[in-house]
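These notes open a run of structures that come right after.
You will see chain A twice below: alongside chain B first, and alongside chain C after that.
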Partner chain A sequence: MAIMSFIFVFFFFSSLQPILSLYEDQVGLMDWHQQYIGKVKQAVFHTHKTGRKRVVASTEQNIIATLDLRSGEIFWRHVLGPNDVVDGIDIALGKYVITLSSGGSILRAWNLPDGQMVWESSLHGPKHSKSLLLTTNLIIEKDNSLIVFSNGRLNAVSCIDGEVLWKKDFEEESLEVQQVIQPPGSDFIYVVGFAASSQFETYKINAKNGELLKHESTAFSGRFSGEVSLVSSETVAALDSTGSILLTISFHNGKISSQQTPVSNLLEDSPGLAVIIHSSVTGIFAIKTDAATIFIRVIGEGKLEVVEKTNHETVVSDALTISEGQQAFALVQHAGSNIHLTVKPAHDWDSNLLKESIKMDQQRGFVHKVFINNYIRTDRSHGFRALIVMEDHSLLLLQQGAIVWSREDGLASIIDVTTSELPVEKAGVSVAKVELNLFEWLKGHVLKLKGTLMLATPEDIAAIQYMRLKSSEKSKMTRDHNGFRKLLIALTRAGKLFALHTGDGRIVWSHLLQSLHKSESCRQPIGLNLHQWQVPHHHALDENPSVLVVGRCGPSSDALGVLSLVDSYTGKEFSSLRLVHSVAQVIPLPYTDSTEQRLHLLIDADKHAHLYPKTPEAIDIFQSEFSNVYWYSVDDDNGIIKGYALKTKCSGNVADEFCFDSRELWSIVLPSESEKIITTATRKLNEAVHTQAKLIADQDVMYKYISSNLLFVATVAPKASGEIGSVTPEESWLVVYLIDTVTGRVLHRMTHHGSQGPVQAVLSENWVVYHYFNLRAHRYEMSVIEIYDQSRADNKDVWKLVVGNHNLTSPVSSYSRAEVITKSQSYFFTHSLKAIAVTLTVKGITSKQLLIGTIGDQVLALDKRFLDPRRSVNPTQAEREEGIIPLTDSLPIIPQSYITHSLRVEGLQSIITVAAKLESTTLVFAHGLDLFFTHYAPSRTYDSLTEDFSYALLLITIVALVAAIFVTWILSQRKELQDRWR
Partner chain B sequence: MEKGKGIMGSGRRWAVHFSDNSTAPSSRDIPDPPGFARASVDQDDSTVSRQKKDAESNWKSQKAWEVAQAPFKNLLMMGFMMWMAGNTVHLFSIGITFSALWQPISALQGVGKVFEPYKDNKVDLLGPKLLFIALNLGGLALGVWKLNTLGLLPTHASDWVSSLPPAQEVEYSGGGIPL
Partner chain C sequence: MAPIARLLLLALLSTALTISSGSGDGYTINGRVKIPQGLGTKGFALPGKTSNVKVILNGGQIVTYLRPDGYFLFQNIPAGTHLIEVAAIGYFFSPVRVDVSARNPGKVQAALTENRRGLSELVLEPLRDEQYYEIREPFSIMSVVKSPMGLMVGFMLVVVFLMPKLVENMDPEEMRRAQEEMRNQGVPSLASLLPGGGRN
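Moving on, here comes the complex of A and B:
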């Protein structure tokens, strides 16, 4: 009995999850990690003191970061979260980074060298308003202070501890404060704004105690539009709402005087609607019209003069005080493939402090923002460096006519990712650049051998580690046997396509898509998603693979669509199409033509289906499968799921043989008062399933219900669609459905009472795993549903199976109404989730693991066996042998199974799994603000030798054995001979 | 003979010739001693050899039966080992099962050789051979049965469907929440 129980325990432990962690020296062999900050919104330089020069930046992704000004590396970085939008940043006292965020209600100070938070204060006020941050060198009660206007309240805050020194409310309902100005050297503050859009108001406030000194207002006949530009500390320029009249308003000593100038007076030709460009240069402001940017100088009392009118794309920086009373600003203009950086003094337009021309990569697009900083050269003249933000969100530092460094921060906002194979290694293709010579190869193996035999010195070990990390094998530009080397093709929000090498994460090519570029016909282009258009493998190997980029002109769903085809080896956009219809859905069909181009069906907002590519061959293929193609749409606002089949050609006025009408087949209308759709999940198109049978204990068999037309839908009570805790458990429920999207049949429906979203779900093979919050238990839960085909279950006659007399592999139709049974089980889970995915292998034989993006921005692997509805508290002997784990109420989190090990993928958005050619291995790519890539083997690499396997040792062992055989053979021969002579 | 040589070397005094002339009728000049019946000796000789032969064939058939029954002990031993090995698949149980399968097979192959020494015109080897074969077949059956209990025989439906690919679907449907 003791032996039996010992065997039992042994089997139990050996069947438990194998530990899949890494050793310390394996970090970086298979994985890479890149950190980004996103599109920079505001940047402040810190170059005064000796020591590391740095720049502090806030970005549209709500990040505060300091970068090394020499290399562009991140010193520290804080992600403030999706609702904590940064309104302004500044540096105070030379050691604190001050940030104003969350609509002006949170003010924080961070320590500049290390990024630790020093203090935080929350500022509230009577109403919502614009938020303005002003650092002053005012000293109130011995403290340096900040002036913050937010939420309709003016606050003076101490720099030292964040204490509010005084506050003043501006409660007037219609008042829109535009500027808070402190004239240099004075101890009062002007608060300037519009009331009821037509009245100009100035408040003069004592900066020491917040006392109102003077309030003036004057009415204006028209209405003001948005912005004002500060011309001097007591003059502002504004435009009226028609964009045709310029106003200069001065409020010297509280006395308001204004001057109106029609824009047409300044320009000969009618410029159309103009807008003011926000800048802070003394004496000059700029307006922008459709065609041109116009710089206007204010001379004396409201007199205006056009100093320059440019037709190029022009960007202006804020003013920079370079010496006592002298200001400079930078202008960046495009000219062909070059950009011109000009730095001018504010008082004199015609002279230049700096004029440089820099060659710029066309793929970065236009300059969007420029920030300048000065330094003193050795000859005591002023030098300037400029930080520019480009259209593709990249960040570049320009100095002395050259690009010092650049950061590809567009990769912080990836919309969609797909993969592409690399070129096949051919005799003609030269890869000699990265090939090692024989001597180096030998040297490497000798070093490795030394390491194995523990003869290596610390230097040798370092050299071995370096060699492993920089192995040229993994960064080659050709296909490998294991399928580890691929291109990750990523579409970013800026409309740029990047190809990253999976070996080391470098950018192979990047391309700013012309089709997603702003133009006359397409004002607000946005990228939607990426699809694999052509994956040549059998008979079209000469063709390069290509990807399809789908976009649309504008955010509304009926905006016209844009298609673009990009060669994935070179990044060339070889075809781009402006569609005449909108794009509501893109459906890749499981058919390809003779050149391996995949057929795609684009559904427009009017429910017409358009077939691409528009070739006769495609239509022939499609016609033959016409009656078997269906589509469905999930209307999550109204809670309706509808299924359609295709009818004949479009009935529209244009004869288009690639356009088809849809016919509604079925619809599922969920009661809007009790259910609201929050999540859907489907199976991945490219998922391979090895078998339809699941073997269970005692040689029994269950048949999986495997259908690619399975849709998982989760709905919650409309009340409970808010945040967790906003409803009581009684009025909250979660309902999940499994729907066949061909027939609209609901295969399974289940209600979780007292639960609420957000729901994250993943559907694979015949199971779905979803994550939600259980309000009664106050914990997160994960549930699994497995669905089995009961109508196949009577295929149990061995003889019939032996002779193949069964219909298990004959094609099935959804209309045959298979009888299904489902099994489900729920478990507690500690983490809340950001994303969930499942490992994907090439043939689907390897066991599956769930990849969970935790709230801590890490990726955790969880064996699917923990989410098996057949788990029970006391599994039988046979079930244990099968590998069923005894039931526990919560899922274990094994620290070693974090596949991101010590790294974090900040702002994790999604996890993408791609099958390698090696059956055991999945390639995992997680992206958010950061990118992370690794290889992952759910059941360990059972089909290959490990990377650190010593071939040299094996070779030497074999040689030694062969030598030993020869020596002993000769010796035995000799001995035998002697014996015979005796 | 050597003794004779030694004697001759030292000088011969007398010699007795033991050459038997009794069978040669020409040299039957010396009368037989009284009470000696030549014929009866002849007769006696043949009965002795017959008896001898009978005993030998008896002994042979007895031995053949013994040999034929030998696998039975083996069978019992095998059964015991199998019981010891248990029903889980591991090295020990697989080793035992395969030896249990191999032994009867090799024995059956060498069935002629096993009974070679006992081959005789008078001995009927069919019975022992049949017993031997039957016992070995029993052993084989035991091995197969063991193999089955270990789950190594494809006798269940699950063994035939475990790698069946999923059935192809006729319809295809795509879509989702509009972009």
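Moving on, here comes the complex of A and C:
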């Protein structure tokens, strides 16, 4: 007995290991991390010095990054705040990266090798204006200086410490400064702009001290539009507001002279509205019309000549000074599946410095931007490399007619993600070659054993680590037993669909969607979301699964919708539809037709419901479930939540049997003067709940109120909907509601006084957890509400069950007015939140953990038991046994439970959880600018052996046991024999 | 040279006004993040490397980075109570509540929200460093013994070597009786294993 209890205690202690966490050598086994920078806006090369060649880029996602020019890898990267848009970047002194951001009000310098910020200075001015950054080699008071025009003020800033050396205001109300020019080798600056849209103004300013030397202005009969293009250091080209007259204005020595040329004089056919393209090539400027891009050369005094007219999509780079007084620029044109890169000298259009044709993947779309850089070849001629930004936001480096590297930076702006299963491994398919043979397998395990027994040499350790990371098992293109291998299908803002393998994060296929491509009828297409369209059951494998991509032609909710159906195995877009109605909401219905296509209901802006797929079979299925379809809409602006059901077929002029009218069932109108909706949350449609009953201490049972129609709504005082610090605690409050979306019944309402948003919420099973800011304590708080069904509470009497007097078998219905009780509790939480999610397992048996995306772009796992409203300061013995944690005022942050360990998912936007087939494990995908994927087991992998399980140790134990049995058997036989002889 | 620089820095520190009314429509919050050198920074950013430390105002409204000396600056901040968070991999920083007063500009009021400790000047230091990985314990006999297989082996050893000892120590009389009983019974039945069942 004593031995037994001893062993029991032993077991107990051995199971009390620290919580789920990772060893450092396990990084990269289950997880992968990819870093992106987004769509490049501006790029500057740094190749002068010997050593590492770099390119500095700023992107539309407010990032400044330096990339290795050889491989495209990121050296360093900084993500600026959401309002800190980068206006311009440059390199100064050969060692600092200068960035101008936030509408020209923040100027920063970063150390080029390591990204350390060197100085920061803020530039304010009298009014908002265009922001221009100009690096000069001017030396003022021994300092190299920068010239910055922003907020209506011209500043000269020292490169060394960011000190403003002089400033000059341009306060004239209507003045719009277009260009700041420093003619090479001079010590004065031209500031060129329009006043009142019809007056051309030039200011000549002494670059040493900011003194105004000369001011000239000329009136022009028409109005100017948009940009000006610099033709030379003393000539600009502009277009008038009708887009039909070209102006060349020269201001040599402060004297303004202008020439007007109608665009129609240069071109025979009327080109329609033209726009000037920003370029800085001397002597040449370009205008773009609907049909063509036209390059125009300025000869002498305002004489214009068309040098080339291209009908293809053409992109031109800025000018690059290659040698003393010689400039070059690059042109990129499309021709079929190739792109042509041409580098021309600025003074001679007809000669080419370089002409290359490069095969380009059609899925990258058009070239959007090109940046060039030169190098000296061994034969002292000029070589060129070009960095191009494509329509899908990818970044490529071209050199010597080939793509040196490419970066899929479209993945930095994912809109929506869904998953797809991989094909089942077929018997005939030869996958055996990637499998290791038995000997290798055993060798691997012996190595591992050596590792655990600390006998391994450093080479062995390296071999073990390599073997673990490169395991071919995890990146196979077939379905696995545990459901770890899947395809993550991601829709990006560029309208491209990517399929990523969950094993190693590689791109399996990518496809630029036709339906989300810019066209005449659809000028501003945007992707909205992804849905699983067809998930064939794996014994009927003749069809591949497919996903539905929903988009619309424009930002407003009444723009017409577009649909695409994409095969998830191949990425082929097999159907693309332009809808005749708008898409406000997409409701995947829980019905599928005979080919396992899921029925979807698209609600348009006029609250008509449209059924897809448009097949007679679908309508048959739908008719039988007609009365069971309910949905709701949330109108944030007016504070109205409405519930709808279907009424009849559309009464419109066209007979469309797939269109249905809706009727309003209920509406909740929130008082607009005191409440403003900021967040809503619902349960995930595919969430499984294992049991409705919850056993609590002393053998009692509570029944969870589980309804898929639960909606969580959070509202704040309209005054408090701004940032933290803008209101006092007295005038702000947060109200949360739990609403049944079928009946419109408010199940629970609670007010948190002195609190404000932003609110992040997650709803799962019968609970909701939300995060908000408590102004009184000036700390973030997290609250939990659990909701229980009281009408089933009396079922715990065994006699009633025996007699049959219970209602356990009665269906859960939103029609029956269930008696509910709620319990809630609040706790402090340290960090701001960017996203919150909950783990999802296939059957819902495993306990839940919250996945919290913190402001530091890390993902923290927090056990749901910490957010249990039944926690109390002194739990009873029974409650302790149940696993209730004593109440503390704040939630613990345990560094080992960061599932992103020491990585950051920069710009974290959302966390997606997918159930694996293994009940214990959930797949977590966090995306923002970076992508991070890992397997996570909230209660450890209780249903499978862990990766570091040593098979070799097991084998050795068995062998040792068998040997021991033999030895003892022989010994005992010998002993017996001796006994008999005696 | 170095001590002089440090002295200068100290002097700067003590004179730096944390909040001052800046130009334009707001105030300026000026502070410093100090990461102690040599604190357990194993495996993470190099000690004192500040290039990846972000300072975040009001949950993401403004993000700024540190200068080499650890100073940071927020400009154009309206009067009110604000929250500053520091995001640095490997360290745990408490958010700081900063009151920018419109009535008496230049007044410093800052407090750590985690432990409500007031700060006389805006110098932020990590409360603790964060170790994201478990430390793999070196191989020891105890860990093998504690593992399920080790326990199995241990139990077997106990049965094989200790049980006979126990049997030996038993009273020979009792021993004989038990053996007798067993012989009488022949095959042990389930009933005999149950408590009280073995007395028939």
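To be clear about the criterion, the second predicted complex is superposed on the first by the 913 of 982 C-alpha atoms of A that agree within 3 Å, B and C clash if a C-alpha of one lies under 4 Å from a C-alpha of the other, contacts with A are read in each partner's own complex, and residues count from 1 in each chain.
In this section, contacts are C-beta pairs under 8 Å (C-beta built on N, C-alpha and C of every residue); 3 or more make two chains touch, one makes a residue touch a chain.
Note that the structure is predicted; figures quoted are calculated from it, not measured.
Applying the stated contact rule after C-alpha superposition, one finds that A:G300 touches neither chain B nor chain C. Legend: residue contacts after superposition of the two complexes on their common chain; A:Q699 is shown touching chain B, with no touch to chain C. After overlaying the two complexes on the shared chain, residue contacts for A:S902 are found with chain C alone; chain B is out of touch. Applying the stated contact rule after C-alpha superposition, one finds that A:E723 touches chain C and leaves chain B untouched.
Of the two partner chains placed by superposition, only chain C is touched by A:H78; chain B is not.
In the superposition on chain A, contact is made by A:A584 with chain B only, not with chain C. Across the superposed pair, chain B and chain C both touch chain A at residues 7. Interface residues of chain C, counted against chain A in their complex, comprise 23-24, 43-44, 50-52, 54, 56, 58-68, 73, 75-76, 78, 80-83, 85, 87-90, 92, 94-95, 97, 100, 113-114, 130-136, 138-139, 146-149, 151, 153, 155, 158, 162.
Within the complex formed with chain B, the chain A residues making contact are 7, 528-529, 550, 552, 557, 583-590, 601, 603, 605, 625, 628-636, 643, 680, 682, 689-693, 695, 699-701, 703-704, 706-709, 741-742, 795-798, 801-802, 808-815, 881. Listed in rising order, the residues of chain B touching chain A in the complex are 88, 151, 154-179.
Looking at the complex, you find that chain A touches chain C at residues 3, 7, 10-11, 13-14, 18, 21-25, 27, 76, 78-84, 105, 108, 111, 114-120, 122, 124, 452-454, 723-726, 758, 773, 775, 777-780, 830-832, 834, 855-858, 890, 893, 895-896, 898, 901-902, 904, 953-954, 957.
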